[in-house]
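Here come two complexes built around chain A, the first alongside chain B, the second alongside chain C.
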Partner chain A sequence: MPRKPEPRASVDARQVERLADLSRLSLTPQEAERFRGELSTILDYFAALDGVDVSSAPEPAAPEEQPWQREDVAAPSTPDDVLRCVPEKKGRYVRAPRVF
Partner chain B sequence: MQAEAKVRIGLEVHCQLTALRTKLFCACSSDYRSSEPNEKVCPVCFGLPGTLPVLNAKAVEYAAMIALALDCSVAGRSLFYRKNYFYPDLPKGFQISQYDKAGGVPLASSGHLEVEGKAVRITRIQLEEDPGKLTYEGTIDRSSHSLVDYNRAGIALVEIVTEPDLEDARGAKMFLEKLRSLIESLGVSDGELDGAMRCDANISLAGGARVEVKNISSFKEVEKALNYEILRQRTFSGAASSETRHWDERRSITIAMRSKEEEQDYRYFPEPDLPPILLGAAAVDGVRRSMPEVADSKAARFAREYGLSPQLARELAANKALSAFFEECARLHTGYQEMAGLSVSELSAEDVTGERAVAPADYVELVKMVESDAITRAQAKEALREATRTGRPAREVVRSKNLSAVADEGAIAAVIERVAAARPGSLEEAARDKKAFSFFVGQVLKEEPKAQPAIVARLLASRLRAKKT
Partner chain C sequence: MDPLSVKARQVPSLVAGGSLSAEEYVASILERVERLDGRIHAYLQVDREGALARARDVDKRARRGERVGRLAGLGVAVKDNVCVASLQATCASRVLEGFFPPYTATAVERVQREDGIVIGKTNMDEFGMGNSTLNSGYGPTLNPWDASRVPGGSSGGSAAAVAAGMASVAIGSDTGGSIRCPASFCSVVGLKPTYGRVSRYGLIAYANSLEQIGPMGGDPEAVSALFYAMAGHDPRDATTSREPPRGRGGAGLEGLRVGRVREFFGEGADPRVRERVLDGCSRLEGMGAHVEDVSLGSLPHSLAVYYIIAMAEASSNLSRYDGVRYGLPSEKGTADWNSAYARTRSAGFGEEVKRRILMGTFVLSAGYYEAYYVRAQKVREIISREFSLAFKGFDLLVGPTMPVLPPRVGDEPTPLEEYLIDINTVAANLAGLPAASVPCGYEGNLPVGMQLIAPRFREDVLLDAAVALVGEGGAPRPAEAP
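Then we have the complex of A and B:
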């Protein structure tokens, strides 16, 4: 039975700023504060996992033999199918906002 | 003058496994170079929801070959990790790679490659997927959008990371050239293909910070980029800060890049969609057995099995076709040193594989004639040149051109007397000085090219002894 998470401010304003930067998002101070609160809640919730004793649990994936791998045999690509899902194209290229 | 600060260079080489028919995690063809943009793509390449990567078994085998050729130890169990970053060249938002920290185990580690007698340590070797290719609308500085072609996304890459064991740009270039020929000899990658081998470099001057130079698109550019960066750091002695710079090929300078993610920002974690790669001792042995022999170990074997001098063994082993030719000859005859020496100095790959190739049996007969003093080495060379030019057997050339060594020692002794008479005092000099002795032998050979150098030397030596008494 997992413990009930104890609320704590696990994310600070500087971390939110850094995350926004890495995600190429610009946040207003209000948005930043909102995300700080929401992210803290989410992290606090997952912090419950810290309380679980897993020392005797088996490793989830410990195969003895090599699991399935593919032979090096080509199959037809499906460019039309995937390009249909692309919101913005230029000719055959996928057009994406420039990331600096 | 103050000694210049010592330079330390480490390299990160990315090598596409171009011999594979398909990508690393899907069955799209890897042959994308002449394709239209986004032609060799599928839902896996685009990272669409619901898709799962499935590892190409051959890619593991090829990467393990590279690892073994570099004397690395191959991990019995290695893992794929996600390297998260936000950039349109990877549509998933992460690259499937491997990692050596946070519980990660790369495919192989701790190897080395010897370059000019010095070992360059290999830190690790890992498998990862190549990202797509970005171009920009209009000029790179002004465009607001990038155009992405995902044909390259998912191509199998092997990353080879070295310790900072290189000391200058020239050494780095030598290392890369040797690495490329090694990988090519394994038959897993063709480094000549555009973009098949790329490299980043870490450069630091003693006492200074480590600067990473990225975007070096070919090995030709490496030397230029490193020399520029070393000069830049020397000029701003002590002021180099830890940063990532970009090699601008057009202007031949390095420029500072935007501040980059730090390692922790990549949020590496184990790839949950892929099981570990298991390479037990038996599997590694299997790979080792299926590997073509690479030049260095072949040279060592030639020296060991045939007693060739190390220099000759290296030169022979460096040429695949000649090596094979030599080994065929070695089944017919045991005059290894003469057979190897003559082929290295006189034959090209074309001469033993082309339309007018010399047959091993014919070559062996020619070598036997040299060994029995029937013809001189110079005559053997002449016969080989004629044989490879015309396609006629060398033995026939020897007969038709009437090539034969002068066996009549009296005749050679007479030539010695003629040379001595033409240069008064030369006999006395030859008796005193080794160089003068060789020079004298050379003069005799000039007069009588069909004489065996060894016989001339013996007759001259006994002539000198006779003179003394």
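Then we have the complex of A and C:
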């Protein structure tokens, strides 16, 4: 994978639209335009890291040994308390938008 | 009674001995909240009845000669991203309106077990994203020292509550400075513990690899008591250490090796802040510490590293807010899942939250992940190593907590300008180190805080230093507005 895709530090309107879609945010045209400019400025600032020599740092990885893992034991749940937080219900069912 | 007439550190023993009524003390705090909070807006919710009931219970046990806890009677303000069962938890976001968590955070549970009394939930920058407490979905908190200034953030409500005497101590959380920044701007002591020292079970997540729950307050001895009550292993948070917390030596600062970090006094620092913190360093010397300059060359990179990692983690954490299981109802109607989900999120999240989700999604997306996220993790490792090296020669590293005085409420910085003032606080989160902000002077009536950073699990050094610097009287309080 290329370390530095070009162009690097600017975001165009299509990218903002794509990011908003991936993030499940619907933006007004004004918001999208404002974020486009701000994101570009912030990415310019992040570009300062390009100059840092990282050759001495290892590739980030999750530790393989996980001694803190515990047995998966069933414990009492609190379904009534949890259901109380649900904004729209039908009886004890959670009402959700259609998926298909 | 006037709750300010008693030092917070004395409250538990006075209550245990029966010479102070917890109920009367808590009622006097609630009276101050009623009188002052219309203007300051530190609290999003006050649990008047619950607090008084618990206080009465403590008094009853004290009268019977039964054991009362080490925090008996202390009024505790809790940041709104820390769950307390039966109190609404919004993280100052509209998206969580109506969410009543079914459980209590371990940190709060431990405080309640020691008879600390929750006064209410405090305002913050939405989900912890900001350093002003202006980014709240429920209106800003103002600085009790100067209501035209911000209290700092994101734990601005907690800092303002203790500064204005509307709580004895407070619980905050710190992802990149969110305890230390408002502690500095409101002239209180704030401690971000070592990563893994305090359980985060019940802390609503923003950036898991960075954040910690910690204590705040005007009286460093009470802050210390609150810290030790909350600290320790919790089976419900696998990142907590099994090592027991190290107790305080209680010694003075004689012989302590203090490194004055050059990069913290860099070009962005306001000269007035720099002067006050240098005065603070002289006071440390006066108390017997050896102060020397030290340089950590990678620190200027910490801000970019922090924001890349924090935004990446935020974009993942905040995907859970769908308006279906809790919080703001989605506009279901005939909309399909994705558009209902997007509509809820767009209505419920504030601007800064959206910005960070978008940025985080960007740095994690295919083609950019290596260049931003992986690279940031590597620089993070380099910064951590540099701290380890510095701590071979020093017991404590110091500098200004914030490079500026508390900004004015109407300043409206650009997002990047707002991020830049976090430059001195984020490194401790990246390296998982304990760090505190301690009041160290004033410019006019505006507080200046000194940041102290210690090696991992050496909160004892930070607390001893805070006690020595602040002194017996506790931190000064703002004059009460007419």
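General observations
By our rule, the second predicted complex is superposed on the first by the 56 of 100 C-alpha atoms of A that agree within 3 Å, B and C clash if a C-alpha of one lies under 4 Å from a C-alpha of the other, contacts with A are read in each partner's own complex, and residues count from 1 in each chain.
Convention: a residue touches a chain if its C-beta (ideal position, glycine included) is under 8 Å from a C-beta of that chain, and two chains touch if they have at least 3 such contacts.
Quick caveat: nothing in here was measured; it's all calculated off a predicted structure.
Touch criterion met: A:97 reaches chain B and chain C at once. Of the two partner chains placed by the overlay, only chain C lies in contact with A:57; chain B stays clear of it.
Judged by the number of chain A residues each one touches, C leads among chain B and chain C. In the superposed model, A:26 lies in contact with chain C only, and not with chain B.
In the superposed pair of complexes, A:70 makes contact with chain B and with chain C alike.
The intersection of chain A residues touching chain B with those touching chain C, taken from the two complexes, comprises 22-24, 68-70, 78, 81-82, 85, 94-100. Chain C contributes residues 98-103, 235, 238, 298, 301, 304-305, 307-308, 315, 319, 323-330, 332, 334-343, 345-346, 349, 351, 354-355, 357-359, 361-363, 365, 367-372, 374-379, 381-382, 414-416, 419 to its touches with chain A in the complex.
Interface residues of chain B facing chain A in the complex, by the touch rule stated above, are 20-22, 27-30, 36-43, 45-46, 48, 54-60, 85-88, 91, 135-137, 143-150, 258, 261, 265, 275-278, 283. Across the complex, chain A meets chain B through its residues 18, 22-24, 61, 63, 65-75, 77-79, 81-83, 85, 90-100.
Considering their complex, residues 1-5, 8, 11, 15-16, 19-20, 22-27, 31, 35, 38-39, 41-43, 45-46, 48-50, 52, 54, 56-60, 68-70, 78, 81-82, 84-88, 94-100 of chain A touch chain C.
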